[in-house]
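In what follows, a structure is listed as structure tokens, so that the remarks can point back to it.
Which chain is which? They are A, B, C, D, E and F, in the order written, and residues in each are numbered from 1.
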Amino acid sequence: MSESDRVAEFTAFRQRLNERILGEDNQVIRRFFALDTQTYRAGVLDVKTKEMLGLVASLVLRCDDCISYHVAECYKAGVARDAFFEVFSVGLVVGGSIVIPHLRRAVDFLDTLESAAADEAPPCADHVAD
Amino acid sequence: MSESDRVAEFTAFRQRLNERILGEDNQVIRRFFALDTQTYRAGVLDVKTKEMLGLVASLVLRCDDCISYHVAECYKAGVARDAFFEVFSVGLVVGGSIVIPHLRRAVDFLDTLESAAADEAPPCADHVAD
Amino acid sequence: MSESDRVAEFTAFRQRLNERILGEDNQVIRRFFALDTQTYRAGVLDVKTKEMLGLVASLVLRCDDCISYHVAECYKAGVARDAFFEVFSVGLVVGGSIVIPHLRRAVDFLDTLESAAADEAPPCADHVAD
Amino acid sequence: MSESDRVAEFTAFRQRLNERILGEDNQVIRRFFALDTQTYRAGVLDVKTKEMLGLVASLVLRCDDCISYHVAECYKAGVARDAFFEVFSVGLVVGGSIVIPHLRRAVDFLDTLESAAADEAPPCADHVAD
Amino acid sequence: MSESDRVAEFTAFRQRLNERILGEDNQVIRRFFALDTQTYRAGVLDVKTKEMLGLVASLVLRCDDCISYHVAECYKAGVARDAFFEVFSVGLVVGGSIVIPHLRRAVDFLDTLESAAADEAPPCADHVAD
Amino acid sequence: MSESDRVAEFTAFRQRLNERILGEDNQVIRRFFALDTQTYRAGVLDVKTKEMLGLVASLVLRCDDCISYHVAECYKAGVARDAFFEVFSVGLVVGGSIVIPHLRRAVDFLDTLESAAADEAPPCADHVAD
């Protein structure tokens, strides 16, 4: 299975199960999901900073799905590759070598996002200022 | 691979490795396995309550195999779907959003158990009191 | 400092800081605190069961303040001493020997609660049905 | 013991033991300490952002000493009270209610830092631009 | 996919991503990787002991990739099967039943290493003292 | 309170509560305590190695009481100061900077043990081979 197929499959699973969970009549869980979304909205801190906070927290707690999610959100919010590696460095030093396998998968996922973006970019994209 | 094939494969792996482990001449590990089994036997608390305790502990420690195991045991002990979601809600609030990916897989596994039970039920099953 | 003074001091600290936190204009945190309270309300599962779930989750995550809190709530909800030890046994086996220091403090706190209750009981308390 | 005495005592302990550790002929540990310091230096991300990353990581891993350290560093780097609470909210939602006792101590420590700053400020401090 | 294919695929992934990570201009991460390697070099303690320490630490922190890595390194350093099980027993008792799924995979990986070694051994290998 | 008073108080607490726990009619907990003791007995690995394994596991799981216990047992089993620091270095690199506060307290406790031993030694102790 290709990497992009794997991502597509995970995204479909994630969406289907979120619907199953939110379709259940359990108010605590529904409210938790709503709160989770609210947490990363812009406040005094902007979305970019909040998503980096979510990423480093996921990294030290070593949850691959959470890491992928926040890598994608950080990427959308404009976090640059070298900034990603600084976030990773904090997670690595705080969390220790036990974080390394998750760091590898995070970098692999970031590479996939960047490749996909490069493929989608128009021929002259490299002429455009970021 | 279908979900039921995946479950069958995991069950076979689990059984084969348990045999490898218990076949080894290490008394501490053997006793630990025996103790683990003893823990969930009915005492002052019934099996159902103990399995729910095992489930919420597995959920906040975020171990998918342990979660699946206790979901199956809770299901056998008669925990209903809405009670499952209340156990999940405690695990989610205590353990935080980092628990969500494990919650998704727990719900998916519960759905699989319920589907399998529905398939096995006789045509008039819906007439039978639970 | 006596044990009861220590408990009183902690309770005062807890209340003062909760007020500081809820007095802050941060809706996510306020909602989380409300959700935390809602989680343990009676639903399909009764308060006693939910508090035992909260206790075992706190035990395996090894948070002394959370453990004390849920020991007190379980005690209020009528969990008996032998039932407490069965909850402890699940937490110990799932979480391992690393849980033992927290188990000691949990038992010490439970002893304190029971002593305080014995001191407050009228002479004929043992004639009264529970 | 007053709160400021407690902080002074901890700071003295921390410094004395760091010296004991770095005085030992163990290159791995010395290099780790050097790396830890280097991690929070300004890079693509500024010190303020890196310290907030360190704070949220410490919060979800529930280490009081680490939390106090990063609260102090964030405070020095100019993180405002409402920004602190947004960092706390991410830590709370990601890490769950198990984080709450650490959040209380973090807020108490932040209050201490702010009180100390207020005491030291000259009478006309409120006229001075930040 | 066979077990040996799975190991080969993981090893290739691990190497490719390590190169991606070390190819990035982030000195903290590079230094951390160098320090990680240095940690397990012979010192007062020999490589065998240090690798067993790395293995038990990985086991209680429940990181499968780290466990596989240290199982392989211990195996290379000459840790015998019964010694492996004593390391596992410490990890199991300290870390609790939550470690069991990781223990299964560790034993499966050890079996794979031993089978591969048996396949590679010359016909008269069973006559040779270890 | 002096450091030695603190150690004496903790030891008394530990003993009193262990008796309370083992005095309770809960077979799972009693067996777990017996198993915990059995785990560190000499087997293929000697007591010294097993205690170092217990120490590094306690360090990465960040349990101060467990760390103190295993530091004391390692010390009794003859682990030298530089070997202690190599165990600490593995725990620090695997577990990350979050381990540092626990490392400080471990070193402080080791210093206390060494000072007590120095006080008890006869005047000519430095002439005696270890």
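Methods note: a residue touches a chain if its C-beta (ideal position, glycine included) is under 8 Å from a C-beta of that chain, and two chains touch if they have at least 3 such contacts.
Molecules present, by chain and UniProt name: A, B, C, D, E, F = Alkylhydroperoxidase AhpD family core domain protein.
On a predicted model such as this, the values are computed, not experimentally measured, just so you know.
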Farthest-lying chain, centroid of Cα atoms versus that of subunit D: B
Most distant chain from subunit F by Cα centroid: A
Interface numbering overlap (same over half, different under half) for subunit C and subunit E: same
Superposition rotation for subunit B onto subunit D, Cα-based, multiple of 5°: 180
Whole-Å gap between the CA centroids of subunit D and subunit F: 29
Inter-chain centre distance, subunit D versus subunit E - centres from mean C-alpha coordinates, in Å: 36
Subunit C: positions in contact with at least two other chains: 28, 32, 35-36, 39, 57-58, 60-61, 66, 82, 86, 89, 92-95, 97-98
Chain-level touch network, classified as line, ring, star, complete or other: complete
Subunit A residues within the subunit D interface of the complex: 35-36, 39-40, 43-45, 49-50, 52-54, 56-61, 66, 80, 82-83, 86-87, 89-91, 93-95
Footprint of subunit E on subunit A - complex, ascending: 62, 81-82, 85-86, 88-89, 92-93, 97-98, 100-101, 103-105, 107-108, 111
Subunit B residues touching subunit E - in the complex, by the definition given at the top: 13-14, 17-18, 20-21, 24-26, 28-29, 32-33, 36, 57-58, 61, 63-66
Residues on subunit E engaged by subunit D in the complex (per definition of touch): 27-28, 31-32, 35, 38-39
Subunit B to subunit D touching residues, read off their complex: 60, 92-99
